[in-house]
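Okay, so subunit A shows up in both of these, paired with subunit B first and subunit C after.
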Partner chain A sequence: MQEGGYFLAGIGSRRSLRPTRELVTVAVSTLVLILLCALLAPSALTYGALSGSLPFAAILAIVGLGQMLVVQQGGFDLSVPGGVSLAVVIASHYPAGDDALLPTAVALALVCALVAGLVNGVLIGILRLNAIIATIGMNALLYAGVFAVSGGVPRITTQLLASIAGGEIFGIGHSVLFAVALLAVVWFVMKHTVAGRRFEAIGANPLASRAIGLPVKQHQVMAYVLAQVLYCCAGLLIAGITTQPTAFQGDSLLLPSVAVVVLGGTSLLGGRGFPVSTVIAAFFLTLLSQFALSVGLPYSAQTIIQALALGFGIAVYSLRWTALKTLFTSSREVKG
Partner chain B sequence: MTNSIRKTTLAMTAAFVATAFAGQAMAETPSWCGPNQASVALLDGFGGNSWRQVTTASAREEAMKCPSVTSVEYADGQGNTQKAISDIKGMAAKGVNALVVFGDAGPAVLPAVTEVFKAGTIVVPYRVDIGGKEGENYNKWIGASFVNDGENWGRWIKEILPSGGKILFLSGPAGNSQGLDELKGLKNVLGAEYVFVNAEPFEVTNWDPALTQQVLTAAISKNPDIDVIVSDFGPSLVGALPAFEKFNVSIPALATSDGNSLGCFWTDNQAKNDKFKLFTVATGNDNARLAMRWAVALATGGTRADLPGSIYLSAEMSAEEQTKAINQ
Partner chain C sequence: MAKDMQEQDAEVVARLSGISKSFASVAALTDVDVTFRAGEVHAILGENGAGKSTLMNIICGVLRPDAGTIEIGGQSLNHLTPATAVAAGIAISYQHPAILDDLSVIENLKVALPSAVFDDDPRGVAQGILQSVGLEIPLDLRCDTLTVAQKQLLEIGKTLALKPRLLILDEPTASLDQDSTDLLFARIREVTAAGTGVIYITHRLAEIRQIAQHVTVLRDGKVRGGGRVDAVSNEDLLRLIVGRTLESTFPPKITEPGAPILVVHNLTGRGFRNVSFEAGRGEIIGIAGVQGNGQTQLARALAGLQPFEGDIRIGTEAFPQSRLLDQTAYMPADRHAEGLAGDLTIRENAALSALDRFASMGIMNRTREMEHVGRTFASLAVKAPSIEAAVSSLSGGNQQKVVMARALLAEPRMIIADEPTQGVDVGARAEIYRILREVSASGTPVVVNSSDAVELQGLCDKVLVLSRGRVVEALTGEEVREDRIVSAAVSAATHDDHAMGGQGVARVKRSGWRHLAQLDNAPAVPLLGVIVLLAVFGYSQNPHFLSPLNLSNILLLATALGFVALGQTVPLMLGAIDLSVGPLMGLGVMIASFFILDESSAGTIVLGFVLILAMAVVIGLVNGFLIRFANFTAIAATLAMFIGLQGVAFLFRDAPGGYITYPVTEVITMKLGPVPVAFLVLVALAFLSEYMLRGTRSGIRLRALGSSAESARRIGVNTDRVFIGGYVISALFAALGSVMLMAQIGVGDPAQGANYTLASITAVVLGGTSLKGGRGTFLGSVLGALLLTEVLSLVTFLGLSQTYQYVFQGTLILAAALIYSAARGRAAD
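Here is the complex of A and B:
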């Protein structure tokens, strides 16, 4: 009983079930966007449109969860493109169309992800290198791997992977189910296990955590390892969904991965993570670009809208509204 | 004694065989390959797809036909304009005699091209129009006419949809000159009864299969009755076309560029999709061979008169055979 209580923290406590401010913000924004879509671009909400765009939201969500773990430890992971692209090329080049070789390819991709994550983690968590610099270096190394495997050339995925990643159950894409399952694991481990609670505490204040005897370095290393594993999962899904992925499929995911973490409410200074909000933010961002496409906006406007959404997200969480308010009222008082 | 006779015979045979081979090689040396030794380099703006790999290999093979070519180097700009520019300057600074440049970045690479041309390096840009003039900014431009591709698509569309229809036009990065030229060609042929349902001038896909898939989904959900899709990168559509199934409509007619995976997809799916017709234009890997011939001819002092405009390298026939066919 005691051990169980030690392992599982806070299950059933009322506090953990109350929606956080971050979750409410991103959920309300998403609802507003859905309303806007219904009014201005109803085609973006049809079953066909959603089943086409949700797999990409799922991929972004998985990558976002990985990035969130790193951001929670006060870091940044810029090796997202390399990690995702390496998984894509291993899954498409190694089997070369042969379904029987797919399990080996998946295992190989996971091993590469574990090694890359471990190196990142050791460099940053133990040797105290700057996260941005270490992960840029790792990204270059991973891209070397991408070129070594593929020579930069795309290859068609195997039928098996295409049906695993691109298939549907009751009209819901498998990739969406994968994302939900991974979210459930991340959420449960982070919010309801001792390891997860310590992970958040260490992210919030590593010095205090060390002072009370928590294994700070271990948790920081784990953040990078688990992030790479999640990127790898996303890469495997992309390889299945796009049928003929390029060798650089991860490139377009780096900035959105940070964007969904920020929109989800996780502080860039580290600490508490918001996995559910991050996944909703991934849906929000994908729906936003579908909205812009459906309204028929030019490409430049689409990019601007996404930038504004990101700016809005940062402003909501980072600006100290109360401080601004006091500043405003006090200056008025001075004037008066 | 017998040993030495055997040795002599062997040496003589070897010498004879060598001479015979040399003679054959001399006979096969193309006229565009001159006597002066030269090094050449192929500068790609973006080398990351199978089409580029095949094109690069074709150009390399063409250069190797000329024994005067001492080395063929290659640099991949990786879609990065700054790298493409520094590659051009770097190769020239290294002393490479002739450069064949795939100027993906368009006019952005013209200053670098002009600079190395003025410094005495032979430059043959090809396929993408980088602006400038022959003899002033570079030696010779070998181009494919994308306007012509657009006109060919347009004529086919007129044939299958004589009374007009809805067209969705997809191209690569925003503002790329290839897409703009193709649109010009399409509009030259098609009248107002053909409506473009995409954002002006084309729907941006960056030639990325994942983005193509998202763009196509949004477009179909808005216009399930698209009659024809025009795309300048056919194989990137393979992952995206099954989206039509989700809307319970047939895959529409497709005017695009060729690619084996797309051909296979059409074979597998045309029976289920009554509107799925396919028209492809060749992607012109032969441009690279012709550009390489010009570069080698200029650098080695070969004959340039042997490279007429109406010879098609993709036909894999000798120039003489083709000339005969044209003059019949």
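Here is the complex of A and C:
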């Protein structure tokens, strides 16, 4: 049709289903890790070890999905611990062992999450506060809620919640199924709905999105609301899985939540989000700890390995390899 | 021989011979010969893209020519570097001034000029510089309150202060009013009389007559002619400027315009005034003018991106701003910034404005999307390896076609194209013109803003020429010719009449209150007030709150946090962040728990402290290098460091152990009355840091970098070194914090310290440092740390539950952030 070059052919082709570079990177890394486990630490891959660690991978995955939504919009959410912990204490304290009160508790937790997310969103998306500051403040307020509800004392979770969150179907923990279901929802909404497609575009370039008249602020607010809802889901699962959850259950999730987002390939500067990669990264990080544990490394080494994996992951995505290559192969030219 | 040469060419400041330069095989300059002489104003004239800025960049060493020689002061050189150009006495004042908004006037001068300029009386010299360009503004005024014109004058003042041998002025009067222009011309006459050579770049013929003795006209990168100004007529100059070749074909224009379809009446907004025009069905409207005369703003207003007063009607319907934004399609000049989402695929970009049409009940229908996008792409002849390729992988022309596809898919009521063919290859240009013509013929109004008069001549049926925001000429039909457009644009002699957003006022009265409230250290006063009030309140509830014991406890706790907060202030001022400070403190204590024990010798103890500092330096360096050279974001780099350091701490000990020797602890917590000496040290360091920040060059450089990395680089700040240095300082302060922490907990506990990361950020924010970078206060950070500690102590003292502790913390930081952002007036941008 046109001279030279390649005219855009095969319009109907489904090439969008081709995996992205980010997905390939994290999937290959995970496969390599599984291989390493099989060779060096087979005990990490036993049913017992996996069924012990997978629920935590699932929870990390859900929290990571929430953090990803915020990071995609160029934000950063430090209110993860507060959000998770509040859901945990509401679900374990309010019913106080009474299964009948559980639905109310869940509804209450969700309402709290919506309010917290909305406040975050308004502070950041509309009042233009820095995301770090606003979510530090929100985190403190959420913890105030945690102590108001629990007084800092752990309480045993209800039977019903324990069976919902901790049960198994065909040997797969419910929490894993929940994580997969939430991933499916996030993925579908993001990739196949009008709102999701706009959401991605706004994260990738808010200025361009505004120039074509998209409601940029509303979508940014939504990111924080949905993130809190996901943290809340994670908190409810924790409340069910852990027999006696503490008030600080969410603290240990903050840094890993950022780590899995970064390892999943989502840029901290905002842009496209990678839900599937994020979830695989959560599995990767959990398996990495398991691996380190199985080969007998102390806790310290596990942490250092995680830091290195994170650094390596960032390097893979953020180094401009091509720019680096030209830097070494030819002298640079300054363009005016 | 050399002496002969010099005497013969005494009046030549710079001579360029046979200069050629091309970018990616496109010639920007071809075989240019120019001679600039001392004591003479030499005007360079030419349209946008004629090669003027490339030539200037070669003269000041930013670009290296492909061929030709430069002769400066009799010495022949192949090329210059920015440093050698400065050493040779070449100074340039850019059209877009490198003035840093967050710095005061005098600080802007200090950071940009060599210290030798200031002798022993910096304020006197600075005052003199301001006077030289007729600026009557307070030296301590922050530059974000200056108008564009004032910044331009300040920039020129900076350049003049260098007393250059060759002074380059790039469209210096673009934003100046008549008075300032006259003053500037007087100054130019003075410096030329003193023997300086001046290169004056302009678009205005009238100015050349006023100020220049010599003129050279560039077109398509070649010297087209020139000579002594009094020997050439305006008509001659115009003939030299126009006649650009544009290798492109244009679709035929319409012969018979239809009924008016777009009516714009009395449009006024930021940058333009009283613009009225009509477009008949099938007519393409062009907006022309010398760059920066309101064309872009007019285009943006038409697209609903900028507020305006007046009427816009399309067909019979009125279009207020929100409706324009919604229903018109805007093709931005800067495709990367405002046009495309480079991360997303071609399909996603193109479909973005029409998603609703490809969806049922909010769920995308892939087949429909593919069909529409594919059909539009085919009609635009977009060339791409795949519809799913990243849009950033396309050539400029094809990227622009994706923007067009998106515009067409939206089925807009009007298309506004801002520089539609910038960075577009010849082949794609013709297609873009064809499509715009087709759109226009189908009854959708098309408005094109272009700095290329040839393009407007070929494409448009009606062209509005703007000067200083007003329409100075409306050309239709046969009148739409390059020479008419250029002539109208460059001959307009109107000067800024203060109507455009109050620009051009050279004076600012100091309004005392507002000035004080805007100082970086202003938050210290209310903070101190809150701290005292809380103390009084605590005392009224329980007198023991202010007992010497509790007082010294609060101060001691605040000292540890205060040190980290001082450190954290630096990265935040750079517009970055350091998350690794908390674990760094923990690691410091860990080191102490091996070296500073009861059984340690004095030497070992000293070694322990040295090791702590050394560790801090290394961590700061690694953070800085990761961010500057490995392209990590600040959050990512310091987060990885955070996790890593925690791991290292557990590597040393996995449980608390190693008791810090008591004598050392005693020294660290030594008191003077109820006040710990360490707290006094903290306050002293805060004052010292304040002094360094505002009084020394490095401090001003640091703030310059945080304010605008681009401008800082242009005025010669070594950005990498300053940035990495900032991270080292942050780490060193955290090391001091770890000294306090070791006395507090007395034992090596690997789990300690991490909390200080968020606490330090909280303290700094309470103190009033902006996370946007450029502004900060060390005193505020210390007070923030004090306030935070005081609140925690108060909660315990009042017997309140932990709930209140968190409520206070959360409310404090949110309230502070909201108040500060409102006070800075940046809240709603």
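Convention: the second predicted complex is superposed on the first by the 316 of 336 C-alpha atoms of A that agree within 3 Å, B and C clash if a C-alpha of one lies under 4 Å from a C-alpha of the other, contacts with A are read in each partner's own complex, and residues count from 1 in each chain.
Going forward, a residue touches a chain if its C-beta (ideal position, glycine included) is under 8 Å from a C-beta of that chain, and two chains touch if they have at least 3 such contacts.
Quantities reported herein were computed from a predicted structural model and do not represent experimental measurements.
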{"item": "Fit-or-clash call for subunit B and subunit C when the two complexes are aligned on subunit A", "value": "clash"}
{"item": "Which superposed partner A:123 touches (first subunit B, second subunit C, both, neither)", "value": "second"}
{"item": "Contacts of A:204 with subunit B and subunit C, given as first, second, both or neither", "value": "second"}
{"item": "First (subunit B), second (subunit C), both or neither touched by A:238", "value": "first"}
{"item": "Partner chain(s) touched by A:315 [first = subunit B, second = subunit C, both, neither]", "value": "second"}
{"item": "Touching partner for A:271 - first (subunit B), second (subunit C), both, neither", "value": "second"}
{"item": "Contacts of A:104 with subunit B and subunit C, given as first, second, both or neither", "value": "neither"}
{"item": "Touching partner for A:152 - first (subunit B), second (subunit C), both, neither", "value": "both"}
{"item": "Dominant contact partner of subunit A by residue count, subunit C or subunit B", "value": "C"}
{"item": "Which of subunit B and subunit C A:163 touches, first, second, both or neither", "value": "neither"}
{"item": "Contacts of A:299 with subunit B and subunit C, given as first, second, both or neither", "value": "both"}
{"item": "Steric overlap of subunit C with subunit B in the superposed model, located at which of 545-553, 563-571, 779-787 or 815-823", "value": "545-553"}
{"item": "Where subunit A meets both subunit C and subunit B, residue numbers", "value": "151-152, 298-300"}
{"item": "Subunit B - residues contacting subunit A, complex", "value": "47-50, 53, 76, 174, 199-200, 203-204, 206, 208-211, 213-222, 224, 235-236, 238-239, 243, 246-247, 261"}
{"item": "For the subunit C and subunit A complex, residues of the former touching the latter", "value": "23, 53-54, 57, 62-64, 303-305, 325-327, 329-330, 332, 337-345, 347-349, 351-353, 355-356, 359, 362-364, 366-367, 370-371, 373-374, 377-378, 381-388, 406, 410, 577, 626, 630-633, 635-637, 639-644, 646-652, 654, 750, 758, 761-762, 765, 771-772, 801-807, 809-814, 817-818, 821, 826-829"}
{"item": "Residue numbers on subunit A that touch subunit B, as the complex places them", "value": "41, 43-44, 46-49, 51-53, 56, 151-154, 156, 238, 241-249, 252, 286, 289-290, 293-294, 296-300"}
{"item": "Complex contacts: residues of subunit A adjacent to subunit C", "value": "1-2, 5-8, 11-13, 15-16, 18, 76, 78, 123, 127-130, 132-134, 136-141, 143-148, 151-152, 192-195, 197-198, 200-201, 204-205, 207-214, 255, 258-259, 262, 267-269, 271-272, 298-308, 310-311, 314-315, 318-320, 333-336"}
